[in-house]
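As structure tokens, the structure follows; a few thoughts come after it.
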Amino acid sequence: MFEVRHIDKTYSPGTVQETCLFRDFSLAIEPHSFVAVVGSNGSGKTSLLNILCGSIDVDQGTILMNGEDITRMKDYKRYRKIGRVYQNPALGTCPTMTILENLSMADNKGKRFNLTGGVNKKRIEAYKEMLLPLGLGLEDKLSVPVGMLSGGQRQTLALLMATMTPLDFLILDEHTAALDPKTAELVMALTDRIVREKQLTTLMVTHNLRHAVEYGDRVLMMHQGNIVLDKGGEEKKNLKVEDLLGLFNTISIECGN
Amino acid sequence: MLLSILEQGLIYGILALGLLITYRILDFPDLTVDSSFPLGAAVSAVLTVRGMAPVWTLFFAVLAGCLAGLITGLIHVKCHVRDLLSGIITMTGLYSINLNIAGKANVPLFGGDTLFKNPFTRAFPAFLAPYATLLIILVITLIAKLLLDWFLSTKAGFLLRAAGDNPSVVTTLAQDQGRVKILGLMIANALVALSGAVMCQQQRYFDISMGTGAMVIGLASVIIGTNIFRSLRFMRSTTMALIGSVLYKASVAIALQLGLDASFMKLITAVLFLIILVISQFRPKKVRLHV
Amino acid sequence: MKKIFAALLALTLMLSMTSVFAEGKTYTIGVSQFAVHGSLDNCFEGFKLGLAEEGFVEGENVVFDFENSNADTGIAAQIADKFVNANVDLICAIATPSAMSAFNAAQDRNIPVIYTAVSDPVAAQLAGTDGTNPGEVTGTSDALPVEAQLRLIRALQPEATKIGILHTTSETNSDSSLETYRQLAPNYGFEIIDKGISTGADIPLALEALLPLVDCTTNLTDNTVVQSLPVVLELSAVAGKPVYGSEIEQVKLGCIASEGIEYVELGRQTGHIAARVLRGESAATIPFELIENSLLYINEEALAQFGITVPEELLARAITVTAD
């Protein structure tokens, strides 16, 4: 369960650039649900993710994780239960370190980063088994620095790294946006599989309306810091891409885009 | 000639190992170095004068270096001061501390035993005696290098490399990247202080001006080493840094041999430095990321 | 890797061979000067002069290999190593860090080191407290003629009681000179008030604090202060407090007077010592020397500015200098 209650957030308060993004904003995400969030640029989608993960602070209101108030908790502590994949494939991996080193690090999340060996040789077979079904040939490139991989390969790896250890939440920040359509489908299918297998509570921001409708069990549309559409359960099952697109266009016209 | 190049090159090589961590791994332009180098020397010199066995003074020099790195790290992480400025603040403050530790600007060690002139080295057989200094330096440098190699292969070392490579990974691994940076700065400055201490034992005096340009020497060594050998994937970057340092000292020695006017030395260093940096820009750029 | 080292080795061997062309009675002298500095340059000039007077003439039977380390102790060490490897007949080291580096490199090889412009050879452990030398090392000290300077100030300002001294905390030379001033000042009825600075930029503020407390100031051979002498003179003139110099160049710039040592003279004396060593005497048994007689330099224009007249007995031996 992830929840924000009555939050206010204003950027650059007291300056000419002052913009109020959220005012008395509340949202609850049910355990094990896959929530897809769509909305135009500047609607507050990514800010919402950053507020949940602690990258930015709120001015007012509370943030709850599994019932615990985490409003003042440092970002890195929140990630003990959160996995996150960014839009930029470069952000989820370490380019100068090899695939094996990257996976080993991710594998150690939640444990101590002490002075024992960085790579656990016994786990190498398990990593290969994990990479094999992807069909990207990564299992043979364990000692290749990640910086030499393609964007799709890196993003796939980033997704695996983010979800290797036991987690409650997965935050996906337009994680297929920088990929070509074919790779995007591949990464999306893999995402869905992992989320179902691990029963993760997932919040996915996307510009791809079809992905939102296809994979989300609940779809939200945000606009200027407000939720303008919230369809879950039976309502969501009847939701079509065209409906979303229609609403999206109406809003955009209002804004003069 | 070769002997003194190797001696000096390997002593400054320890400094280069430190800069490898800050400049290459953490991507942190750490100016603390110009003061932590003489800090190590001051600690070692004063303790030696007070009668401590020279080899033990190295441990205290390392400890002092750790503290210097800790201060820079805390200023940067806890007070949110920019990296370059944090180093400058510590460097400036340490100057006074160094002067007070040493008691004066210049402390000679000609009177008693040093790391390189003591009953142990005097017992070396005649054919080995000229190499005694180099051998001791080699042992210390290799210990420092192997320890660093080992550390970088541990889980904590992975985290350090990740912090320079892509700090957001450290955060998503639920680790405090600030703490990782502080740790890196401590190790780096510990190595720099060790280098200063060994230098002071070898030249048998501490001088407050010892640190002038230390960062440039270390940086040049790292850049020379890692750029010349960058195509050799099997070679460790620590080895590259050490060889880079020897090559740097060799080029200074050659310049001296060629009778180059010493007043141009700094200018030549700067030009050499610039050339290597420009050449190194042709390699694929490291992706700089900001969330 | 091996190839690089082999090439390096070959290159350095070739180079070192060219510099060791010891033919007949030609002596090679390595000169290691710590920094570019008027006084230190004068030392080297005097050194050549002194050697020539003893029959060691540059171009005839002496070759100088001159290196300047530009105030970098690491380079000073490499210069010393270079001289030792070239197996020079003698090393002349100018200023303290150069002397220490040279002695460190040359000690085991028994290459004599003759230093000059070392203010306190005992503190630098280049000479023992009992007048013995720790090895083949000796030379001359440029310790200030403090006693003569105090007598001078007493003669020119009979009413003065407090002398201000500005010094850089990181300069060893200044430390030992200041200590001497502190010890000797009471004998002449003076009190020394000092102000430490760390960089040239601190000078104006330090002077503002110092000048109201003193009757005059006197300079040490403090590089940082001497480099900023025009600033010191200007602020002192405004406060109406005369400045005494520590060498001729400072008097030329506007200090009223100085009992100073002459660095060419100091170098000449050093050259004489070097000649003795080249003839076979052991440097270990020659005590280091100081300049006994200081010279009095006065700047009449500056004296007039403060309305100070020089007593007849001093005027007789005073050398009047003016700005170049």
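Here the chain labels run A, B and C in written order, and each chain numbers its own residues starting at 1.
Everything that follows uses one rule, which is that a contact is a pair of C-beta atoms (placed from the backbone, for glycine too) under 8 Å apart; a residue touches a chain by one contact, two chains touch by 3 or more.
Treat the numbers as computed from the prediction; the structure is a model and nothing was measured.
Chemist: When you check each chain against subunit B and subunit C, which touch both of them?
Modeler: none
Chemist: Please identify the chain with the largest separation between its CA centroid and the CA centroid of subunit A.
Modeler: Max centre-to-centre separation from subunit A belongs to C.
Chemist: As a quick test, compute the distance in whole Å between the mean CA positions of subunit B and subunit C.
Modeler: 32
Chemist: Indicate the whole-number Å distance between the mean C-alpha point of subunit A and the mean C-alpha point of subunit C.
Modeler: From the centre of subunit A to the centre of subunit C is 70 Å.
Chemist: Just curious, how far off is subunit B from subunit A if you go by their C-alpha centres, in Å?
Modeler: 41
Chemist: Multi-chain contacts in subunit A: which residues touch at least two other chains?
Modeler: In subunit A, no residue touches two or more other chains.
Chemist: Please output the residues of subunit C touching subunit B within their complex, sorted ascending.
Modeler: Spelled out, the residues of subunit C in touch with subunit B are 1, 4, 8-9, 11-13, 15-16, 19, 36, 65, 67-75, 77-79, 81-82, 84-85, 96-97, 100-101, 103-105, 123-126, 134, 169-172, 175, 198.
Chemist: Per the contact definition, I'd like the list of subunit B residues that touch subunit C in the complex.
Modeler: 1-5, 8, 12, 95-96, 99, 104-106, 108-111, 199, 202-205, 207-210, 212-213, 217, 243, 247, 249-250, 252-254, 256-259, 262-263, 265-266
Chemist: Which of the residues in subunit A end up touching subunit B in this complex?
Modeler: The touching residues are 55, 74-80, 82-84, 86, 88, 90-97, 101, 104-106, 108-110, 112-119, 147, 162.
Chemist: If you look only at subunit B, which of its residues touch subunit A in the complex?
Modeler: These residues of subunit B touch subunit A: 151, 153-159, 161-162, 165-166, 168-177, 284, 286-287, 289, 291.
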